[in-house]
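Two complexes come next, and they have one chain in common, chain A, joined by chain B in the first and chain C in the second.
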Partner chain A sequence: MRTLRLLAVGWYFQFKAILRSPFEGLFQVIYPLFFATVAFLMFRAGTDQKTLLYASLGAAVMGMWSATSTTAAGAMQRERWHGTLEALVASPPHFSLILLPITLAMSTVGVYCLVATLLFGRFLFGIDLTFEHPLLFVLSIVGTVISFGALGFLFAVTFVRFRAAWALGNLFEYPVWLIGGFLVPLVLLPDWVRPISWALAPTWGMNAIRESSLGGTPLPDLAICLALGAAYLTIGILVLERVLTAARKRAALSLT
Partner chain B sequence: MAVVEAIDLKRTYRTSTGTLRRKWKDVEAVRGVSFGIEKGELFGLLGPNGAGKTTTIKMLITLLIPTAGTARVLGYDVVKDAREVRKRIGYVFGGERGVYERLSGWDNLRYFAELYGVPPDQQKERIESLLELVGLKGREQERTEGYSRGMKQRLHVARGLLHDPPVIFLDEPTIGLDPVGARELRGTIASLVEAGKTVLLTTHYMFEADALCDRIAVINKGEIVAHGTPGDLKRGVAEGAVVEVEVFGLPDGTVERVRELGGVRSVSVEEREQAQVLIVQTGADVELTHAILGRLNGANVGRISRREPTLEDAYVALVSSEE
Partner chain C sequence: MTSLRIFAVGGLISFRALFHWLSPSIYIPSLIVAPLFQILLFAYIGRSAGLASDEFYVVGNAIQYAAIPCLFAMTNIVGGEKFQQTLGAILVSPAPRLPLFFGRAVPVVVNGAFVAAVALLAGTIVLGVDIPASAAPSLAVVILVAAFSCTGLGLITAALALRIRETAVLTNVLFGFLLIFTGANIPLDDLPGWMQNVSDVLPFTHAIAAARELADGASLTSVLDLIGEELLIGLVFAFLGYWLLRFFELQGRRHSTLDRS
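This part shows the complex of A and B:
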């Protein structure tokens, strides 16, 4: 109970802090507009409404991923700049219980990006938003948010130790758009890329969201997405203690 | 058993120079520091910038792992039992960093109250009483980005006390505070000790250490060069005298020339508006005023005074004798 409360309160305050950032605020306005436009322009040749929804969903998850990957990358850097990283590390809970709400707060911001992209598509380009399984669609989004948060957590663990790792987060933004099959179906990618796609939770989250919207069986995809999220979390937690000890040994916590 | 024990603590940093051809160098920030703090004691750690005060405190509060030596807080090892130590200590660092600027003062305290396990039904009451204590009542709903340096500093103090810890580490807590705020904070520190807390304080202000601390350790270049009560330290230089000479445009090399005089223990210079004040500590039975003036190469001299040494003089003598 105490752990859940800690996670919830941590999420709430971190979410509040992110929402008040003008930089991230601007991101959230521009990204949905940009992604919805790109998706529409790419797929407007298709007259089928389902194709347009397919593209629109891809664009929405693109926004969600961008919001998570770029902000997770900057999150630890921001904690360093503000001098709060030391304050967090010096507090008693296991650091994973402090870090996870930070990255979950970021992927929650991604939900806004997802909804906004879909709405932009609806109102600017008239894309029909009819979902085959609305309840499964919502579940798929929740599952995807959680697994994005878990992947952000794994990133953030690295950022605690390596100051320059935030750049890596930005680097991951674009390849995952492709490898995750957000806009282009995975079958069109070279064979050697597929194992990488399968190891990424965003691929399965994307599948689950599409299957639930366009008709299909989203639950297996959702299960794999969550299982991968759990795997990222487990690896992150196992590595975190070692990473923190290394940072305390090398006096890397207070460096900006 | 001492509440805080440091036994031969050492800490080395690795730094590099150059870009393509990096040369690595080990810098010894703390070189074998040992001390113990008893329950309810206010222990002062004094030293110039870069002496190793903050590094020592960071090892004690588990943010840095010592390169060698051990340290215990309330019997818990700061490396092996870091989490147990963290639950029982509070710490306050000087300066403006370390607060969430986009959150209000209240939200900052609420977040850390949760992290420090303050029971939910007690958080509101606890935060309100701490806001009262540090003088932030009425400003708690404002975002901290609009707080002055002093207000942020007071928020740090409140955060350090949220979980009512028995041991408190204060790293230059009055830095950046205006004189009134600093005096109020000193009052707060004194009341913490009255309430039975054990406190480790670092400060640059000698009068602060003199007024507050039960015992003081002077640290310089990573080593403790003296320790004792403020009285003990003063007695170390009490048999001497201090000559202060106000000079307008101190000629180069004066400090070295004065230091060569027989009977001089230490020489330091303080900037005061347009003048510099040459502060010379001498033995008790020597009269060096004329000899000092003779080494000023004819510079314009203002006020000259001779006085009893203070704790600050004791500190300067200790620190400069190590140079």
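This part shows the complex of A and C:
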């Protein structure tokens, strides 16, 4: 119960803090709209205009990923710059229980991106939204947010030794948009790319959201999405243990 | 001679000092790999939407991505000095402002052109786009003019950095506008009329059109009008930016707000 309370309070505190930041809050909601606009205009001008709803959902999840990738990759470094990393690591709870709510809060901002993009497409481009399975649609979003947060957690601990962790996080923005099948069906990509797509929770989260909206069976996709999220979390905790042990040995925790 | 020295030496030192952090660990992911993935993303969306050829997206996005180095670097010319608390020392100096600011813009133009050229080359190779080798010198000219034009817009954002705090948000938003309006990914004819009017006065629009014609085998002389328009847009933005820099500098002195970050 104490662990759950820590996660919930940490998430709420971090979420409020992010919303006060013009870059991590407001900008992360606005920025994907530019890419969504380009995608809408491209699909509208293209040969198959029936794909606009497909594009709308894809662009919406693109925003969710944007809100996570860059900011989460630099999450540990941000604490280091603020001078709070040592205090957080030294506190009694395991550091993963402190870091995970941070990346989860970042991925939660993605829900704003999702809603903003869907409404943007609806009112500016007249894209009719259909939700065949409304409850499963909401569940798919929650599952996707959790798995994005878990992937962000893995990024945060993996990139901590890189001084420019944000740049690496930024680097993963376009590739995941591409190979996650957000706007491009996976069948169009080269065969060797598909196994990489399958290892990414965003691919399955996107499938679940699309299937629950357009009609289909989202639950298997959602289950795989959450399972991958759990795997990222487990790997992240193992990496974090190693990183913290090494940092303590070398007294290098606060070094930038 | 002093002005020339401020222009050349000052510009180079400023660029190196402000971007000492631009190490390979940042430069390669942000300015070499990211533009390639932007090209791939839009080329595949284009295939999915059945809109245009791969060449269309390679040329459009390679040139448009020069906005990142040009806008960010120019904005940091002022924003970075403010952050490091060196802006006051610079602006209190008697150095003439024209060589001071324009000298800082030259390395930015060169860097922006380099980023666009590498992206064009990489995109061409990865997607197997066929661009005649004879077009390379002409494309280099167009890319250089495009980088100059966007750096002109960057001077405006540099001026705004004297007044606003969130310059990263501003430059990213401008990047987004350029992505939509310049025809990098959507043929200009498919844009609504008002958007076409806006795109006519933005950096990159004419350069991208010229580069696409060159990639299709046109000669440099046949696109001189487009290059001229791009150059003119760059000059207008550059002098507007310079005027704004002077204006905000005077305002900053008057209200004692130069170092307010």
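As a convention for this text, the second predicted complex is superposed on the first by the 239 of 256 C-alpha atoms of A that agree within 3 Å, B and C clash if a C-alpha of one lies under 4 Å from a C-alpha of the other, contacts with A are read in each partner's own complex, and residues count from 1 in each chain.
Just so it is clear, contacts are C-beta pairs under 8 Å (C-beta built on N, C-alpha and C of every residue); 3 or more make two chains touch, one makes a residue touch a chain.
These numbers were taken from a predicted model, which means no experiment stands behind them.
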So in the superposed three-chain picture, is A:I98 touching just chain B, just chain C, both, or none of them (first/second/both/neither)?
first
For A:Y174, select first, second, both or neither according to whether it touches chain B, chain C, the two together, or no partner.
second
Is A:T51 contacted by the first partner chain B, the second partner chain C, both or neither?
second
Given the touch rule stated above, what does A:A75 touch, chain B (first), chain C (second), both, or neither?
neither
Contact breadth on chain A, by residue count: chain C or chain B
C
Contacts of A:A67 with chain B and chain C, given as first, second, both or neither:
neither
Let me test your reading of the model: by the given contact rule, A:C225 touches which partner, first (chain B), second (chain C), both or neither?
neither
Now for A:A164: first (chain B), second (chain C), both, or neither, which partner does it touch?
second
Applying the touch criterion given at the start, work out whether A:F43 contacts chain B, chain C, both or neither, answering first, second, both or neither.
second
Chain A residues where the chain B and chain C footprints coincide none
Footprint of chain A on chain B - complex, ascending:
13-14, 58, 61-65, 83, 86-87, 91, 93, 95, 97-103, 107, 110-112, 114-117, 120, 143, 159
For a test of understanding, state which residues of chain A touch chain B in their complex under the given definition.
2, 5-6, 9-10, 13, 16-17, 20-21, 82-84, 86-94, 98, 245, 248-251, 253-254
What residues of chain A sit close enough to touch chain C in their complex?
22-23, 26-27, 30-31, 33-35, 37-39, 41-48, 51, 162-164, 167-168, 170-171, 173-175, 177-178, 183-185, 188-189
Residue set of chain C touching chain A in the complex reads 21, 23, 25-26, 29-30, 33-34, 37-38, 40-42, 44-51, 166, 168-169, 172-173, 175-177, 179-180, 185-187, 190-191
